[in-house]
């Protein structure tokens, strides 16, 4: 079966000042699949994830060589960064709602992209909250501050906020690591649903989670990809000794 | 075979303000053994560890009920806190050397406990650094700042600093979680050596590590001990479903 | 003999507590003394009537008004500039030579003695413009004094907004400027407001920079005249004007009224009460805004 | 500039003349609604500088402009002599001495005599309180009371304005200074010099030598409000009432000239 | 294709980014312009003493003869040493009184009772900051001056030559020390607060008492920050004008003791500038003093940066 590529990188190198955080990373990310990135702390997972929507632009002194393509367009010179980030949404490790009402949190994205009609915004807010399985819990308190929600609810709010700008790809950087087991399960279920309409790339430090939810897994070490394959294969018979050591907990 | 108890707690409850972080914790800690504390983030492992040398005293608004005994003496009223902490040393998650020279870092403890003789201090510094397997790496740069050491070296320095006050118990709160695999291995080996002369209690989020280095393991959940037994037993046939779920990565 | 560390600790702690107590006592005495000395003047008549230089019974109406007006005028000038510069420093400045230069300038300006800034104001806003002593020149000089402070407050307030919030906005495809205007500034408001009220308090009490710019005396004002172009209108920024702090200094140095001492006492009491008011105000506002942003109340 | 505002003028300068200028301005404004006159002290030097620079409309001075400004600058100013003022040596009220000879005064201010007992008082240290070198009061006092002798700079406490001098003398035991008559009241004690009491009459009849003309300088001819205000001060109404009430000496009463 | 996206980018960019960005950048740069013009104007006036009046800068800095008109003792001279010495000694004295007190307060606020520190002492310090300098001067004048005067009068061991007016170097330094303590204290608080919790935990875990921890770990680790506070305090003391002028007696002579009258650079400017005819030697010399003040306050900043650089070197 032929793979449908949504995103791919080629020989990506990234330097923070003089330290190299990514080395020749070449990865293909399939459409409507969940791709997991695993590896020990500091190996460059978050850094790699952020190259995909150019969030590294925020950091001073970053130098990037190599290419990232989204639907065949080079993200670093053929796409405007604003358009790119509209298409490639991101969910962070710690839920980070704006200190505004729940409604305003979700309407924020559409608004900055020019949607003004109140009824249109209402619609988007509802749809996104339904999409992130939060609607029932918050529909009566849309005007209340988002900071009053629980951690798990906040994280789903952040997912809804991303969905509201109708992205094609959703990047998630350890989205459940700050959450309790129950919320974690809810979000994992949500990811499973979302992959029907979105392409998802997720960083996780929890090997079992990677095993449960992803289709493909990339194992990073010291900024390099050690192994990239179908999740099942990686977890059952890794071809690299280091992958095996990591998965069995010899380090990390 | 009869167990030799070094430390034990009885019905320990701890409240941060109105939230309870420890619930009826009763644990026996054997002499010259390594006891591992595992459990998901926020379950109270660090909190428990800190009750053993009263580091929680530093936190405002803490209320503690129940008892902690060291060698049969109640830590909270029969022992002076300074003496207690001399006997029960602690190594933290992030290496935390003082911003002084390597020598000064290690000599600090003995000095505050009244040792002034230069030759005596020299001796202690050397012995502690040898004990923490760092002597060879730093013996030529004792006067240099400890902040110039690598993370793994810093952590071993911190262990040496604890050894310098000749404790009987060493508490370790995720001592390797900020370290690279190589340093981790070194520290694990060190722990193995240390247990001959010290009683060690270690918090770890790495199940494999717990399996490798500890004799007994306590599994915490929501501030309670779910299961406490020999490590082998916990990892091979846990008696509680939640322990099993955690160990196999269903959550956490 | 070695003192037991535990005992040394107790002694040291006791000393620290005593010193802290002294500090609090000092403030209580200080404020208490001023208010007690000025108590006979703390009435509406004193607060609203004209100062008198020869006979007794003068008030501090115009100086008090001038102080408030000075705060308003200088804030109108320094706030937009300072906030902009603060935004630039917090968000756009790259670690280049120029940024280092700006930072040095901010620090240098902030550390300049206010008398030097007063002289600069005298030279540029009074002599070179040929405007003579006037409120606006004073406000300009005070703005120079304030600018580095406001810049720093704004920069800090914006920097203190959690990075995660900024990232969230950018990751949604907002431009940097949109993020600043729609997320960062609103989030920074509690810090900004507190800082600005404190700064206003400083303007309110400034004297050295004003002696040579807005002058040490004014003429009688007509408080029913709201035409800012009319010379007797209190709103006219081109009139010479003494602020309350300058007034105290002047009463001390050339006070010829028989009750000069009492007038200065009264004015000092009013000033200290204002200092307390500014402080309490900033606390209340800061608290309210913080609560709002922490999600305790509806938005 | 100030001249552009027809209905408002500002005045600064001599602190000796301040009481008169200030009170006259108040009266004038009360009589002429809409006119605004702001008066401040600052010292004669400041008055002359500021009027020359156009910073104020009238510069008050105890000394001739020529003594302070460069000749070409002084030429641009127009002098309006409005009255004369006497300057008295004053002491703290606890000083037992009532009279000093000129020589004693000079010796005190040049630091040769440092204790009151040397001039017939108690055993008490003399504290000199001086004005800045650009004060007109000081210049006059130096010229006519000290006969031009240089004060012992280092020994003196220095105060900015006549008001402060009055206050400091009243608070400091054994202190001596000098004040325009307009500042004399029960808080300080004026001294006789060579037996002559410092009064307006003695100034007018030439027996008391320490006095100066009070000048109101304008840049060029006075016009508009400036002119009417100066005219007002020179009018009999002011000269006969306010001027004498404030212990100045009307020009027409002066029997001596300088 | 590539050009197409470039066009799209510029539309976004101008509308939603470039405009705002340009404005704030301009005002950032404006601060440089302002500083430079400030330095330029003060310098050009301040240099006139040396260029126009041909006074020697060496004499200006190191001679103590300040006589702008000239008298029987010689022609006009503008040696500012008395003022410089006065400024330095009064600031140093204030620093000596204030620093231990401020550090103690900052330790209390961060280590002894952070709660009281935040709830009580923080507001107290902020109020001390907010009190206008004329009010400090006024209280100094009405409380401290009479008090010191009484004190010097009562002291039997002072011979008759002592200044008993109460206006003295000491009075000024006392007033200043209250004015600068909030600066030193709050910077020290920041420095102590910025220390990682780690240090404290590590020390306590080794069985150190709080005082041992403070003295041997926390204060040494925070020392660069505390020094920064001290320098800032010094800068503030140096630049304070009115409060000092009101209480030091303004005597143009070297003070022989702390009970003697003194004069400072700011004080002489405050007193004489209004009287000085612009363009004369006196006026120019006062501007030179202002220029010197400016240079000194810039030097303080450089010193602070040096301290800061040392700190980052340690880390």
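Read from first to last, the chains carry the letters A, B, C, D and E; within each, the first residue is number 1.
The criterion applied here is as follows: contacts are C-beta pairs under 8 Å (C-beta built on N, C-alpha and C of every residue); 3 or more make two chains touch, one makes a residue touch a chain.
Per UniProt, the chains are A, B = Phosphate ABC transporter, ATPase subunit; C = Phosphate transport system permease protein PstA; E = Phosphate transport system permease protein.
Values in this document were obtained by computation on a predicted structure and should not be read as measured data.
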Reference subunit B; chain at largest CA-centroid distance: D
Selected pair, greater C-beta contact count between B-C and C-D: C-D
Mean-CA-position distance for subunit E and subunit C (Å): 18
For subunit A paired with subunit E, centre-to-centre distance based on mean C-alpha positions, whole Å: 52
Between subunit E and subunit B, distance of the C-alpha-averaged centres to the nearest whole Å: 48
In subunit A, residues with contacts to at least two other chains: 82-83
Subunit C residues counted as touching two or more neighbouring chains: 5-6, 127, 175, 178, 252, 261
Multi-partner residues of subunit E (at least 2 other chains): 12, 16, 208-209, 212, 270, 274, 278
Touching residues on subunit C, where the partner in the complex is subunit B: 2, 5-6
Complex interface listing, subunit B residues touching subunit A: 40-42, 177-178, 180-181, 184-185, 206-209, 248-252
Residues on subunit E engaged by subunit D in the complex (per definition of touch): 67-69, 71-73, 145-146, 149, 153, 160-161, 163-167, 245, 249-253, 261, 263, 270-272, 274-279, 282
Subunit D to subunit C touching residues, read off their complex: 1-2, 5, 7-8, 10, 15, 18-19, 22-23, 25-26, 29, 34, 36-42, 53-56, 159-164, 166-167, 183, 185, 246
Touching residues (chain side subunit B, partner subunit E) in the complex: 53, 55, 58, 60, 82-86, 89-90, 92, 94, 96-100, 108-109, 111-113, 145, 147, 158, 161-162, 165
